[in-house]
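Can you keep this structure in mind? I'll have questions shortly.
A, B, C and D are the chain letters, set down in written order, and residue numbers restart from 1 in every chain.
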Amino acid sequence: MGVSLRKARTIIRKTLEKGHEMELKPLSVVVLDAGGHVIAFEREDGAAPGRFAIAHGKAYGSVMLGLAGTAQMQRAEAQAYFMAAVNGVYGGQVVPVPGGVLLRDKKGAVIGAVGVTGDTSDNDAAAALAGIETAGLIGEI
Amino acid sequence: MGVSLRKARTIIRKTLEKGHEMELKPLSVVVLDAGGHVIAFEREDGAAPGRFAIAHGKAYGSVMLGLAGTAQMQRAEAQAYFMAAVNGVYGGQVVPVPGGVLLRDKKGAVIGAVGVTGDTSDNDAAAALAGIETAGLIGEI
Amino acid sequence: MGVSLRKARTIIRKTLEKGHEMELKPLSVVVLDAGGHVIAFEREDGAAPGRFAIAHGKAYGSVMLGLAGTAQMQRAEAQAYFMAAVNGVYGGQVVPVPGGVLLRDKKGAVIGAVGVTGDTSDNDAAAALAGIETAGLIGEI
Amino acid sequence: MGVSLRKARTIIRKTLEKGHEMELKPLSVVVLDAGGHVIAFEREDGAAPGRFAIAHGKAYGSVMLGLAGTAQMQRAEAQAYFMAAVNGVYGGQVVPVPGGVLLRDKKGAVIGAVGVTGDTSDNDAAAALAGIETAGLIGEI
């Protein structure tokens, strides 16, 4: 079962609401499907213009590798040239830091990913996770 | 004055509603700002996975050239090598057909663009225009 | 429901067998999932070395656009600059001719695509379709 | 003498079987010829969608440089900018870690490479080597 547009909208709204509650800077949120393709995206007023690419890069790497942002960051810190090489084979589309969150179904299969950017990476991830859980889904940061 | 996220959401919702009313295939809709950067995007359930890139390409060329999709298509038909060259300088990101719609303010200044894809190019443009007008903005197809 | 590796193997074997039966040149066959990602590929002995990219391009465009090779070719013949622009937004990865075959489930949803190259485009498509049907799936050339 | 499709299939099957025996995560395996071109590839059910690019990058660098993954990794650790530069000249297609395995004939000439990804780099390489040897060929990890 994939992520419907209705679910994607809910994730985005709940993530943005959580950001407001946490008093974060303006956020941008993307939801990708299990193939890494964009379902929905929103950038809040006041966010920098280039935020789509950052949000997308966090989520895209998560789906393509099956590794959430925290695990990608650990690999990048342990073996920088490996993540640089991974970025090469994926056309430079991977941003390996927290804020890339895997979406899993109840059996644990990856059904997509959420990418959040705008505040610190850890706050981005916390807002995403809260948004995902409020929307009734399982996130892995 | 730019396009707020609130306005972008309204444009997308009204365009999708118009598509349903016209009984079109599932649509994908992007809204870009005056710098050609993504504010919001939605892809309806059942649309092909690659629709973000097509919707984006229609809107991006519109903003970057200050020419809506219909005018770009006319230029492509009259002078194909010119639009090919344009695509070269813009990194291959331009899709010069109807469905790329300029957003103008009341003085006529370009404040962004909408890109719609999923049905015929003419139907895509008609849904976008109706959505933009229902949202209280001025569109140029 | 997606295409399992077991199904992908069967499609490839049956397509190659059909090619032998039709006395075609050595074929190359790729199977992609619903997100356009490679599940399996085989290139027969005697085929040119660059065949992966051609097979992939036929199948990739089919999935990303939700249009099989024959429909892509018709669009390319009617509006060459449109398919050129589509190739730009997909990074030059689309080969819009027969031999790109959509895989559909019983409800008609696209679950992947097959790309075949090596003989004429029409023979490539015929072998693919026979292979897909022998494997118990629904193909659209 | 090159690697036939029959041999490539055997390598892939035996590598996957070894992965099951070692209880590894789902693997993806590519076999390239002496020119670095894809002969065959399989991705197991449950593997992340982007695994083709990683498997390919491990094998491609091995063939193009005539250096297996372990030697590439040592070079990357000693001189990161060199492997970054190598990736520049090869279009970002090199992943310099274990799991890229050279195939040699009995005289020691390189006749292709195998790329495996899915578990740790060392386990990927061990499965590949076992698969290659069971298939009656000589591998260098």
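The criterion applied here is as follows: a residue touches a chain if its C-beta (ideal position, glycine included) is under 8 Å from a C-beta of that chain, and two chains touch if they have at least 3 such contacts.
Note that this is a predicted model, so its numbers are computed, not measured.
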Same vs different contact residues, chain B with chain C, by half of numbers used: different
Result of counting contacting C-beta pairs for A-C and C-D, higher pair: C-D
Whole-Å gap separating chain B and chain C, where each centre is the average of the chain's CA atoms: 30
Chain C and chain D: spacing of chain centres that average the CA atoms, whole Å: 25
Centroid distance [mean C-alpha coordinates] between chain C and chain A, Å: 31
Multi-chain contact residues (two or more partners), chain C: 33-37, 91
Those chain pairs that satisfy the touch definition: A-B, A-C, A-D, B-C, C-D
Residue numbers on chain A that touch chain C, as the complex places them: 33-37, 91
Touch list for chain B against partner chain C, complex: 46-50, 53-54, 56-57, 76-77, 80, 83-84, 87, 91-97
Residues of chain B touching chain A in the complex: 4-5, 8-9, 33, 35, 37-45, 49-50, 52
Complex interface listing, chain A residues touching chain D: 34-36, 63-67, 79-82, 84-92, 109-110
